[in-house]
Amino acid sequence: MATDDNLPPSGEADDHFHDECGVFGIFGRQDAAAIATLGLHALQHRGQEAAGIVSFDGSQFHVERHIGLIGDTFTKPAVLERLKGARAIGHTRYSTTGGSGLRNVQPFFAELAEGGLAIAHNGNITNAMTVQRRLQKDGAIFSSTSDTETILHLVATSKETHLNARFIDAVRQLEGAFSLVALTSKKMIGCRDPLGIRPLVLGDLDGAYIFASETCALDIIGARFVRDVAPGEMIVVTEEGIESFFPFEPQRPRFCIFEYIYFARPDSSVEGRNVYEVRKRIGAELARENPVEADIVVPVPDSGTPAAIGFAQAAGLPFELGIIRNHYVGRTFIQPTDSIRHMGVRLKHNANRRSIEGKRVVLVDDSIVRGTTSQKIVQMVRDAGAKEVHMRIASPPTRASCFYGVDTPSTAKLLASRMSIEEMAEFIRVDSLGFLSIDGLYRAVGEAGRNGDAPQFCDACFTAEYPTQLTDRHGSDNVRQLSLLAGGQ
Amino acid sequence: MATDDNLPPSGEADDHFHDECGVFGIFGRQDAAAIATLGLHALQHRGQEAAGIVSFDGSQFHVERHIGLIGDTFTKPAVLERLKGARAIGHTRYSTTGGSGLRNVQPFFAELAEGGLAIAHNGNITNAMTVQRRLQKDGAIFSSTSDTETILHLVATSKETHLNARFIDAVRQLEGAFSLVALTSKKMIGCRDPLGIRPLVLGDLDGAYIFASETCALDIIGARFVRDVAPGEMIVVTEEGIESFFPFEPQRPRFCIFEYIYFARPDSSVEGRNVYEVRKRIGAELARENPVEADIVVPVPDSGTPAAIGFAQAAGLPFELGIIRNHYVGRTFIQPTDSIRHMGVRLKHNANRRSIEGKRVVLVDDSIVRGTTSQKIVQMVRDAGAKEVHMRIASPPTRASCFYGVDTPSTAKLLASRMSIEEMAEFIRVDSLGFLSIDGLYRAVGEAGRNGDAPQFCDACFTAEYPTQLTDRHGSDNVRQLSLLAGGQ
Amino acid sequence: MATDDNLPPSGEADDHFHDECGVFGIFGRQDAAAIATLGLHALQHRGQEAAGIVSFDGSQFHVERHIGLIGDTFTKPAVLERLKGARAIGHTRYSTTGGSGLRNVQPFFAELAEGGLAIAHNGNITNAMTVQRRLQKDGAIFSSTSDTETILHLVATSKETHLNARFIDAVRQLEGAFSLVALTSKKMIGCRDPLGIRPLVLGDLDGAYIFASETCALDIIGARFVRDVAPGEMIVVTEEGIESFFPFEPQRPRFCIFEYIYFARPDSSVEGRNVYEVRKRIGAELARENPVEADIVVPVPDSGTPAAIGFAQAAGLPFELGIIRNHYVGRTFIQPTDSIRHMGVRLKHNANRRSIEGKRVVLVDDSIVRGTTSQKIVQMVRDAGAKEVHMRIASPPTRASCFYGVDTPSTAKLLASRMSIEEMAEFIRVDSLGFLSIDGLYRAVGEAGRNGDAPQFCDACFTAEYPTQLTDRHGSDNVRQLSLLAGGQ
Amino acid sequence: MATDDNLPPSGEADDHFHDECGVFGIFGRQDAAAIATLGLHALQHRGQEAAGIVSFDGSQFHVERHIGLIGDTFTKPAVLERLKGARAIGHTRYSTTGGSGLRNVQPFFAELAEGGLAIAHNGNITNAMTVQRRLQKDGAIFSSTSDTETILHLVATSKETHLNARFIDAVRQLEGAFSLVALTSKKMIGCRDPLGIRPLVLGDLDGAYIFASETCALDIIGARFVRDVAPGEMIVVTEEGIESFFPFEPQRPRFCIFEYIYFARPDSSVEGRNVYEVRKRIGAELARENPVEADIVVPVPDSGTPAAIGFAQAAGLPFELGIIRNHYVGRTFIQPTDSIRHMGVRLKHNANRRSIEGKRVVLVDDSIVRGTTSQKIVQMVRDAGAKEVHMRIASPPTRASCFYGVDTPSTAKLLASRMSIEEMAEFIRVDSLGFLSIDGLYRAVGEAGRNGDAPQFCDACFTAEYPTQLTDRHGSDNVRQLSLLAGGQ
């Protein structure tokens, strides 16, 4: 989904792409909302700022939306008690602003002529502004700045009579990335865009169907993984069972390859591949492509750890936890005072001098975005006495913004968009710097290499080759981006 | 506005009609939101549960909505800081439920094709459900259960091109009671329904125009009272000044006479009459119509006080504060335990034995709704040693529900709808019970009496003569009442 | 009790003496803490900022202390649930600062060698600092800046063996005003200083004994008033019943006469007199001493109301609510912005123009402290069109600070300490100003007049004749006042 | 410090010893409280439930104590602003109950005759109850149930005149484990018990001296590690510099060996050894003592990770992250409903099937306390398809309670106290189970083995050989344990 703000990540600068969301749905199981709470808890890494659940109890819908971690908000007995019913969908999102930010917390719900409809969305609709302006001209009003509300309007204004047809009518007008879960008084629907950019899996818990962004949300509740929802597939769950539709023109799928690099949890399997195993293979490819004489391999925890293990195994070097991460960093850790701000405080990471001193260190991280965090970490490792620091990055240089539901800085702020690898090495002050090649990345996920004519994945952040139109961006320079509206509107 | 819940009033049963709302708007004055905060604070008696303010700073709208008293929520510096701009409208409302109740807190705001529109509404649209169903059939989606959102949709879907015309197009489709204040990027609009059921006044603060439900909201900020907005009038404020429109067929006004009895603040003047003075005249009429040999006149504080003063002066009896009210009753005072619940705890009122003991007491209250509180208060006065208790009510018996923005119990629960005055006297255990006659009430407000052919006020709660159609009620028995939807939907 | 801060009263300047506390105790009744909650709620006017309850369940003590109104904090089920037992004492206090202010919230509790002891205190110990310094020299440590903790230490360090004797030993070392309620595992004790400066009454609820600052705390729960605890009396309640002790040298009582003027609730009876009736007599005396040709008598609500009724009855003038008070003023109402601050905002009171315009108004208030509020109110009444404004004050001029548990400004800030009555009249801009004489005040409470040789009451705030030593004040100029320590220590 | 409650760890059962505290102090540096906040943040793993800081600004002390994580409470600008001054000490603690639990949050502060004294304490005084009873008999009163308050009383009641002497007098009366940091208006004191059971280090930040429980609290602010405070040493910091005292009879040190196994952070160095390196050596010793044919080594994250790396390296087996930990577990995660409770929900850990399936797995954990978590984790690994599961524990069996500031279950609940290793293996359902020997543990920390006559460390939890007297325990069976008092007293 598109967001209405670009909050800096909390704590010290977290130099990663962000803004993934997680979705979850369950149909036909007592305590559906409690189960959704657990599922969303397992998807918390996809969005830490706010969450929502809509349940249906057979006659009424119930909505709860809260800012904060699932484990702090949805676990309160009063909240769960209000979310009655055996069907529920939920959503966890990356960022919100202030109190009124609740307005943009999903799932979105509306009373249509034919009854209630709730939608939770992971991805970003790249023609949402254009569609919204058309709808507004016809008299539609919008209560949020989220592209998800646009989908609700498209279902509401469809000329079709049956809900399935109305839903199909709506999603056919969408462009971009979307993995949706929807709930009506009769049905739960899961749907992925024709390229399948964002993940969505189907699970089963003693006969109750489940949709979830990743398999880790099935594991937490002991549900069985059935299969991935296919790119372009719309699955409708009713009391009678499930039905599958393919409403879109068939296209070659383009799953987001960055899900393997950073977004998904290592214990998840998405699109048939286990994330941890892919990351280890990435590390191995990285070692082969960028060998170096060194004493130890140290991950930047936690995201660099699997690749570092793979690197160490492939390179025959010892894997060491030379950097320790403080997991207690509060969500609102503000650098207290000016005099403190200049102390170079290490809130989140600390180098372990005794493991590093006098060593030639291979530092493995998943990606470099702005490079500022890398700079600090390298300095910290040097301060701890490393003889040499060799940085190895488990992905190609990130050169382009993502328009598919990921919070990326403007291209100008991406280090790789304005520096050569040598310049970057100098900027972050390492003895050597190596990135994984794009073909190496494709090999790690099991391909022979990137098929330049018909790439097997969405890799636009590395190649700037966007697999869909970007109507809101290209159609008109005057189009206001939904993401630029004031949070409190 | 219609509400989605029927919360019992907090504290011990408060046996009054409720659900009035207050509206306020200011155009062209620095710190508009702070001034709106003060205005709403003066209107707090019209709605204590939640409030909202929308401001416009010349380029963006800002929205804040909070559950709780104005003085606890909108006075926080961070809240006011976010509400930038020299134009603002606000709303205070009677009731909400839980966290998600925020969804129904006004003003409502939407981005229309031509820009932002915010509306705050006091009253109730009696054909809102019917209009909503028509709009939903055309694809409109609703994010609240409030009739105010319906007005937004009507403006949004109007075929007219200019905002004034669109607004007129919208309000012409409304039936019922509405005193509206609206804000766009260019204008502030104040509008009353053709009968002028709810109050709305126009004020001026050093050249900045103000709309407010009552004059007390002008007094708090030292603004000048200009005039009442006329029934059926729509006043448009722009940077150029104000313009007046009369978009409705002219009708004889029917201002809510209960505003004088209970809703409005005694220091306000609405529709040309000072509320305190009317209440004193009501007390005097009551004394004339229902004389009694007694020693003292005691008000049920605070709402019975002005009528008791009028009664005492007319009857030549001493006025005494024989009942003391505890103003600290928290909004959430729950009777602590079962064993406590049966102690007959006096959270809110206490009789002053030394003033009452051995006396023949005239007890003056403004109205009787269910009669349960009267019962308790009479018992308390008897326990304090009163020799006789004569209850005098400053209004006729309330026999019918209100559909114009007032929270009334179902007719069956209204004591006067199922008992004669004698039965009521027995029920509340008084030595005598007297109500003001309907003609006495009209005399107190300055009329010769009620004109049965063309009543000068809306007095439906006493007479069941509703001055407008009640489409949602009569059109179909199947129509869901907006007010019956679950709060958390 | 002495406080560690001098918070300005919330809302617009509230020009009154403050810092009274309320105490309550109950022994031998199921849900003792819930009953104490109700009792403290009735005593809320004696202290609005924080409250505490200690209960004993037969084997353990339980303590809860919270900042905020009783009705917002102690009515939560979880709080009451933790306060198990059939015995409880409680305290409500006027002022605290910040979070750490909780440290000073009473009752105080300590584990002594012989078991737990909790004490709640209304008043102020005028030799607390001196005693504290002596105790510290012997190795005692203090965890608060409250004089109440000093009493705990005196009990703890007594050389006596039995609790009664230890308690007597302790209170005999105290100087100043104290109405105490204490709880041990065996007993509840109520005790007043030998002059009986602060009130304390004994009640009975179906056999369970109660101590409370005022009778209104008995009324709320339907308890029976037994008698005042006598000045200098110590009553010990055990399972066997009550026992009375008089540990002090007999002295002529000096009850605080200001309790009748402002502190106590009008429906309470203290020291044998009903407060409302005394206030009415004060109004009548005031009318006799300061007659004036006028049209109406208007109280400054709510504290001036009973005296205004008495004044109007004695003067044969109509009593009118010419000033309306907004009861919704939040505890933290901050004047929002600078530009607002200069608007002369009327948060708390509003004059009712229609009652006042063209009239010669007698304005009745209970006292003048700094005079700033009087100034504003007079101006407001003039702005509302009063022809003349005659201020009548229901007490003599307040000229001296109180050291007995009342928050008074320094003498220099007391208007009457630096101006003659004529100057004061000019300062607050009234046509005439009249105070009650000290003899008139004594007549209103039933005396023939003030006995200058042996005054019947403490009236030090009017006369600067302090009935006790003020050791901490006079003993040494270097003595740190407890009230000057930082709140957060 | 001793605690007054035994809260179950939040989230799913966390089968570890707990109740370590962390202390920090800084003397002579602007923004001392902000720096203390950072230091405590780095020590958060030693106590997550509450924290406190006392600062001194040259004339006044300021105290803040809050329940919750440092990063959520002490980073608020208003909190830090109140903690003025260039000197501060702080404390983070494991457990508290309810609101009133604040009473037990350290540092403790008292006004003694000679000025303020604040103390923060890590450890447990094993004769605190006995001393407390003696002090109470002399009239001392206690406002907490913490043994730290006892130390304050001992300083307060000392007959010595100078603070150093008074402090020495106090600590000489203590028995048990204590690493203290104290602050007066002139000095900061750091002191360890003669056995040096708990750690305490001395650091330097541009000339400002620092005390901290572990070196990681120096690293976060870039401070220099000077040296460990020696067992039995008392270091006094003044504006003139530092002075060292050895007030106790010299004894052979007995540092807590469990600090190396679990309590300390891996990047810290305590008593001259780097924790991560010790843990790796423990893993290597474990591999040597308990070899097994297997395919992969999997840590139970995060505490088992360093030992697993050491095990894998020594055994020549691949190290794999076969179990992924969810770091988002809220502090209050309650299993939502009964039906959920029986689903075997995996809130905290998830096995990564693809890494484990078909493999012979060596599972490495740091210790086994009750065995319940081990049971669940083994089951999870089996469910994920492991062919064999071999559990290796990086410590000897824990057989006895700790009385030195660690929250251990009663001996009866310790799995190793009632089962043989074979029985334990059966209980947790592993194919084999191996513990590190006590001599292996001593080898890992660099000794040749355990010296049975004069053990080099405190290892009482493995051997039940307590290095100090346990007066409160042995002196009398009737002694109430401080830890058994009600939290809310």
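By written order: A, B, C and D. Residues from 1 in each chain.
The rule we apply is simple: a residue touches a chain if its C-beta (ideal position, glycine included) is under 8 Å from a C-beta of that chain, and two chains touch if they have at least 3 such contacts.
What you see is a predicted model; the values in this text were computed from it and never measured.
Asker: Please identify each chain that touches chain B as well as chain C.
Answerer: Per touch definition, common to chain B and chain C: zero chains.
Asker: Report, in whole Å, the distance between the mean C-alpha point of chain A and the mean C-alpha point of chain C.
Answerer: 60
Asker: Please tell me the distance, in whole Å, between the geometric centres of chain A and chain D computed from their C-alpha atoms.
Answerer: Roughly 37 Å separates the two chain centres.
Asker: Would you kindly tell me how far, in whole Å, the mean C-alpha position of chain D lies from that of chain C?
Answerer: Spacing between the chain centres: roughly 48 Å.
Asker: In chain A, which residues are in touch with two or more of the other chains?
Answerer: none
Asker: Please give all chain pairs that are in touch with each other.
Answerer: Chains touch in the following pairs: A-B, A-D, B-C, C-D.
Asker: Which of the residues in chain B come into contact with chain A in the complex?
Answerer: These residues of chain B touch chain A: 60-66, 82, 98-100, 102-103, 109-113, 116, 133, 136-143, 145, 152-153, 156-158, 485-486, 488-489.
Asker: Enumerate the contact residues on chain D facing chain A in the complex.
Answerer: It is residues 30-31, 34-35, 37-38, 41-42, 44-45, 48, 69-72, 75, 77, 80, 216, 219-222, 265-267, 269, 274, 276-277, 302, 305-306, 309, 313, 318-321, 324, 326-334, 336-337, 339-340, 343-347, 350-355 of chain D that touch chain A.
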